[in-house]
Structures are given as C-alpha cells and as structure tokens.
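Dropping the structure in here first, questions after.
Per-chain residue numbering starts at 1, and chain names A, B, C and D are given in the order in which the chains are listed.
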Amino acid sequence: MAGRLQGKRILITQADDFMGPTFADAFREEGAEVLEDRTDLTVPAAAAEVVAAAGEIDVLVANLAAPSDAAYAVKVSDERWNHLFDVMVHPMHRLVRAALPAMMERRSGKIIVVGSATGLKAAPGTAPYSAARSAQVGYVRSVGVEAARFNVQINLIAQHFVENPEYFSEQFQQTDAFKKLMAEVPAGRLARPEEDAALAIFLASSESDFFVGQAIPFSGGWAQ
Amino acid sequence: MAGRLQGKRILITQADDFMGPTFADAFREEGAEVLEDRTDLTVPAAAAEVVAAAGEIDVLVANLAAPSDAAYAVKVSDERWNHLFDVMVHPMHRLVRAALPAMMERRSGKIIVVGSATGLKAAPGTAPYSAARSAQVGYVRSVGVEAARFNVQINLIAQHFVENPEYFSEQFQQTDAFKKLMAEVPAGRLARPEEDAALAIFLASSESDFFVGQAIPFSGGWAQ
Amino acid sequence: MAGRLQGKRILITQADDFMGPTFADAFREEGAEVLEDRTDLTVPAAAAEVVAAAGEIDVLVANLAAPSDAAYAVKVSDERWNHLFDVMVHPMHRLVRAALPAMMERRSGKIIVVGSATGLKAAPGTAPYSAARSAQVGYVRSVGVEAARFNVQINLIAQHFVENPEYFSEQFQQTDAFKKLMAEVPAGRLARPEEDAALAIFLASSESDFFVGQAIPFSGGWAQ
Amino acid sequence: MAGRLQGKRILITQADDFMGPTFADAFREEGAEVLEDRTDLTVPAAAAEVVAAAGEIDVLVANLAAPSDAAYAVKVSDERWNHLFDVMVHPMHRLVRAALPAMMERRSGKIIVVGSATGLKAAPGTAPYSAARSAQVGYVRSVGVEAARFNVQINLIAQHFVENPEYFSEQFQQTDAFKKLMAEVPAGRLARPEEDAALAIFLASSESDFFVGQAIPFSGGWAQ
C-alpha cells in the first residue's frame, strides 16, 4: 500500500535542527522523497538559492529555529532580539517568496511553517521569542489566503512542549522547574516527536487541502 | 496493511444527518467498527441509553445538527432558539457525561464534536445558530482539559462550507447568493465531505493524542 | 461639567445581582437615568414585558448571572445545566429581541452583555458555565454585526476575577485555593468593581461607537 | 473638574504620524502633559535617548507607523520587508526596554502600542505588514504579563479603518475600491480619529488598571 506522501518531493530547511530529523524520517516512511537542507538562511541570498537548487518541490517545510532562552524582556539585547528575527522570521518570507510562485503556477503545493504556540498565547519570560513566533503566525494567516485561490495551502504548526533536545534537555526534564511547567500543560506531558510528525504528515498530504493560513495549536492543550 | 482506526469501536450519533454517513464510511475504510445511532437525542434520557447500549467504545462522535436557517436575530422565535439548543447543545453534554467516565477509567478514548466555524467567528444572519455552536466550543475547551489528564482527548471540528445537502443544496449552489458566499471563502470552493472525513480520522486516531479541547477550523480559511 | 452618560436612560436587569448595583451607581454618577429591573427573566414572557415597561432606553445592560459552582462536567446534572442556560443564555436573546428593534429604528442604542472570560478560554471545573458564557460570546459577535449597520452597538464584557460576593466571598479570599487562583491572574489580584464599571461606562457611552460585537476580556490578563 | 489624565506626563513617539497628533490633542484636553517626540527611531540608539531625555513619564505611547502598501507577498522585496520591522517592530522593543524599568520600580505606569487589527486577522495583500503587526501583538501579550505584577499595564490598540491621511486619503475615499472595502467593515464607515482617542484615553488612565497585555480590536467589527 502506498504511503500518504507517495511521490511527493519535500524540502526541509535547517534539517539537523528542531523538527528536521523527525519530520524527514516520518515523511520518508510515508513514501516521500525528502531534501534536507542545512544552509545558513540568515544570509539574505541563501533562501532563493536553496529553493532553486531543490528544483520542483511539492512541499516546503520552513523549519526555522533559534533557542528560546527565557529572560525578562527588559534584559534582552538588540543582538539577541535581532537574532530571533534573522533566524525565524526574515528567512520565512524569503523562502515563501522563492517557493510559492512555482507552486501557484502549477496550482498545487504546500508550505508548512514549523512555528510555536507562543505565537498564539502569552509566554512571559520569552516575549521577544513570542514576538518572532507571532510574526510567523500573522504572515501565514495572510499569505495563506493569497495562496489559497491558486490551490496552494500554507499552514503553521503552533507547537510547544514537544520532546526536543534543543528546548527540553534530559537534564531539564529532571528539574522542579520542569515539573512546574508540566502542570501548565493539560496533557501533563511532553509530546513525542512522532506525534508532531503525524500533524506534519497531515499538513503535507492532500488531506489538508481545505486548510488555509491556519496556525494549528499542538501543545497538549496549553494553547487551544 | 492495517487501517489507521483498526480495531476501534466508534459510535456516531444522528448517523443519517450532517457528517454521519460520510464519517461512517471513512472510519470503516480505516478499519473501525462503526455503530450508527439514529435515536432522537432531544429526549433527555436518550443519550445515556444510547451510550449504555453501545457498550465499550473507543471514540464517540457527537454529530449533532439542526438546519441553520438564516434570519436576523430579532426575528427568531423562542421555539426556533430552543430547538437549536435542544438538538445541538444539551445532548452534547448528556453524551459526554454518559461516555466520558468509562473512557477516563480506561485512560483511553476520544470524543469528537462535529461543530461549526460559526462557533468561532461572527456569522451575521445566524446569531442563534452561532450561539449554540459557540456553546459547543466553550464546552469542549473546558471539558477537554478535564479529560486530558486521564488520557482522553475531546476536540471539535469547527467546519463550514462542506458539501452537504442539509446546508448547501445543489439548487442553492446554482444561485448568485452562493457565488457571493464563495467569495468569502479563501479556498473559493466547498470542501468535499471526504476532506472533512480526513480530519475526523486524524482526530479519531492516536495521531491526535496531544490535541486537547481544541476547536479546529475546517472552513477553507474563512475562520482561521 | 456634564457626565459621560448625561441624559442616557439605561436599563439594567437582575439589578441586585452580579454587577448590577455597581454599574447602576457608576452610571448615575456619570449623569444617566438608571432603571433597575429585578424581574425573574427565566419566565419566557418576562423579557419583553420588562423592555416594554421601560419605554425608550438608550442602553440595555443584560446583566445575567448564575453562580459558577465548580464541578467536573461528568457530575453536572441536567437540572444544573439547564439552569445556567435558562438564566444566562435564553433571556439574553429575548432581551435583545425586545430592545433592539426600537434602537435600530432610531439608529442609536447600545446593548452591553455582562459576560465572562470563561466564554473565551478554558476553565476546567466549570465546563457547563463556560458553555453558557461562550454562547453569549457567539451570539454577541453575530448579532453585533447585524446591529452595527443601524448604528447600534452590542458588546460583551468578558470578565473574571472581579470582587463580588457572589463569586469571591470574603471567606473564600482567605483560603489557599484563592491564593493559588490568584497565581493564575497576571495582575495578581481581583479587580475592584469600580474598575469594571469604568469599562461599562466606556461601552455605554458614545466613546465605543466603533466597537461591534466584541467580547472584551476584563480579567487581569487571564484571558487576553 | 479635572480631566481623566490630569497630572500625567505622556510621551508619544513619531508624533507627527499615524495617531500622534490626534492622541496628543485628546490627552491634553484631559489634562495631561504631552511630550511629542519626532526622532527617527530606526536608529538603534535613539529609543533609549528619547526615553532618557523625557525624564519621568507616566505613559509611553509607542506610536510606530509605516505605510501598508498592498502587494502580494511574493512581490515584496527584502528592503520593504525590513523597513516594516525596522520602523514598527524593533523600536517597540527598544522603547519598552528603556521605559519599563523605571515604571516597574515606581510600580506605576502604562505603555500603549498603537498597532493594527491586521495583527489579529488575515489581511491578504498585506502579509508582511500583518507579520510586523502580529509581532507587536505577540510581544505585548507576553511583556504585558511580565509587567503586570509590577502594576504596569501594557496594551495595544489593534486598529483598522481609522480616518487617517496616511492610510485612507481623501482621494482613495472616492474610489470604488474604498466602497468595496467598507462593505467588509460591519460599522460601514471609517472611525473618526477622536473615537480612537477615546480608547487611548481609557488605556492611558487608571480606568484600565486591570487590562494586561491585551490587543483590543478597534476596527468597526472587522476584527472582533
């Protein structure tokens, strides 16, 4: 039996980070051909080059991550602030701008932004991170509508509390701070990366053809 | 290869109406055993009886529908108003109350409320309907959190613009009013029932174990 | 200097309960004539009679309250469930239906629903209450749009954590449960009733002429 | 009788643009001392200098505006994209970072970000602008919670469709495109700047002490 992504060519950015490795494996298991890119996308010209080099793709996964070091906003330097936008926000636009026209012309394609539930709900201690993640949400909402008439679907995974060495190290999972954090998650646990991948497969497949510009909370009920 | 709902017993209410027939077919194709109920749930005692008669179920689909006749709120009689709540809101609570305890005890189960995007966004001309559908959303949000700690997931499909003889007759689809309506849908079309079923399968399967109390817009971008 | 509500006739329902007494005082201080009604609005015919008896009014305050006894949804009887809708939801529609036509004809008027932030955000332990309060939100959103073209504004105060003997007794405020609750409120305190009245004055005055069908969170940041 | 802002010192940035002149007049009429700043805040060091030069202030109005030229996202250059963030997003953080510590120390103060309803709802044709405005919303939500415990309130006016030569020229108001746009606004008209100022006065005064990190839609019902 063919996988749910049989025959699809999928480009994943920052492929070694964040959800990159998990999504790549999951997509392959469903029959996709996965192009894993590791280019530094903070270089302005990089996004266009990466997309051009990939050739025709059915799905672009804008997997863009920077660590969300907690700090009160008043302590956050311009350098740290800019880094968040340089890594997560500006390359998103450059990737979409590069990949979307061909999809619109073919009247087929999907873009998935791997975002954060902190783009939907207050996360004190990470206001700059929330700002950058909210920019992603706002962008996807509007460009998603622009793309929909051309049968291209752009959506965002608004995730939080997913097992991930970058955000939740084994060490941190042993602390009281972690236990306290889990009390805020209705599910009472972290998600397994494979559960997140199940949502990504749904969004990458034709099953989500009626989803337009949505930021789907994936956070164990923290954001709804 | 086993279906995504292999071995699941799924109870669907109002099985001849709204999404009932489509969901039943789709669930069966994924390997589920589907119990189709057609009992009139406006009778207060009915919900408990239906759930008891079903025996152990893995998934309850609270498929509750009343036509959404457009009318300015000031024209809507008590009779019409009460009918909307009697059909869509009150039985939802009675079904959840009947089915949830056994699921919580087994620490496994799912409840899907087939709701409406008009529960998330203004729909002038259908204020009473929006009120009833919003009640569903508010209920699912909160009871979803209550159930999550017991590993039971309760979520809602906030759908609109799905091909359905009840809401979008062939005849209506030929009118200018329909064309005008479609201009408000970013996807520019109605969803095929099968697309809606794909979301229902996702929510009925273990793929959605980290979704808690969510009202997921399924409306071609009308609500996001 | 004239008050901000000089010359306005304002009808408040359930005038001895919830925000009734505070709002009445505050409106009078701003120059309004306040009609305090204490009729039992669960009687279907009552709303129309109350509105008719009031004569021409500029502002209707649908102040409808039932205690929000915490209980897991699975424990909530039909009687309790129905009471919430009978007190807070159904009379809201009957009041709007009675008062709105005259306002639309005069192309001037305001309706304020005194609602709850639990109509916007999960409140585990009070799912039935949240359902009823969400119904209010959904209704206001849609009927608010219907009324706007006639220059009538309908909005809702989505309040929570307001000092009020009904919801937060002096006794309860001494408990650990209360302290724990306050930790969930970013403001770290209950609102004084007068602060809530300031929002009500804003919504009752011409200052809110551009507010349409909005549910404005007033909850110290709990809902945003 | 004293005005509602009697004795308050209010700093407004970009004072000649966007809501600057209207808000300054309105604040003065309510008794405030208004400091109108016209410094170019795209210069990284400028925000701290402006705040330092202002001395003790009770209210900071982060009035940051760049024109929202409509264009499909795929057509928007890096230069245009960066300009939106350089003008509206990055200076917001620098202003808050400069002004908030003194307010937190005094346990009193307010910050109002003059933002946009496009930060809350899809606005196809202005995705980059929506992204920048959403970043503002996300930032205010989270930093608002951080500030609340120190009795400092940070909120955002999510406005749209306010009479303003920058966004709605007299010329544009004569076009069919404008009429079509107004059909999307439930209020059916633009807001008068004074109506917007009424909300700003509310947020600048002690009347909003229980508002925390909120983005309040002011858009005639377009966003709710």
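Basically, a contact is a pair of C-beta atoms (placed from the backbone, for glycine too) under 8 Å apart; a residue touches a chain by one contact, two chains touch by 3 or more.
As the structure is a computational prediction, the values presented were derived from the model and not from experiment.
Separation of subunit B from subunit D in touch steps, taking the shortest path, is 1.
Between the contact lists of subunit A and subunit B, the overlap consists of C, D.
Centroid analysis (C-alpha atoms only) places A farthest from subunit C.
Between subunit A and subunit C the centroid-to-centroid distance comes to 40 Å (mean Cα coordinates, whole Å). Distance from the subunit A centre to the subunit D centre is 29 Å, each centre being the mean of its Cα atoms. Counting partner chains per residue, subunit B has residues 121-122, 124, 141, 144-145, 186, 213, 221, 224 touching two or more of them. Contact topology of the protein chains: fully connected, every pair of chains touching.
By the touch rule above, subunit C contacts subunit D in their complex via residues 1, 141, 144-145, 148-149, 186-188, 191, 195-196, 198-199, 202, 207-221, 224.
Against subunit B, the residues of subunit C that register as touching in their complex are 44, 72-74, 76, 78, 81-82, 85, 89-90, 93-94, 96-97, 100-101, 104, 118-119, 121-128, 130-139, 141-146, 213.
By the touch criterion given at the top, residues 121-122, 124, 186, 221, 224 of subunit A touch subunit C in their complex.
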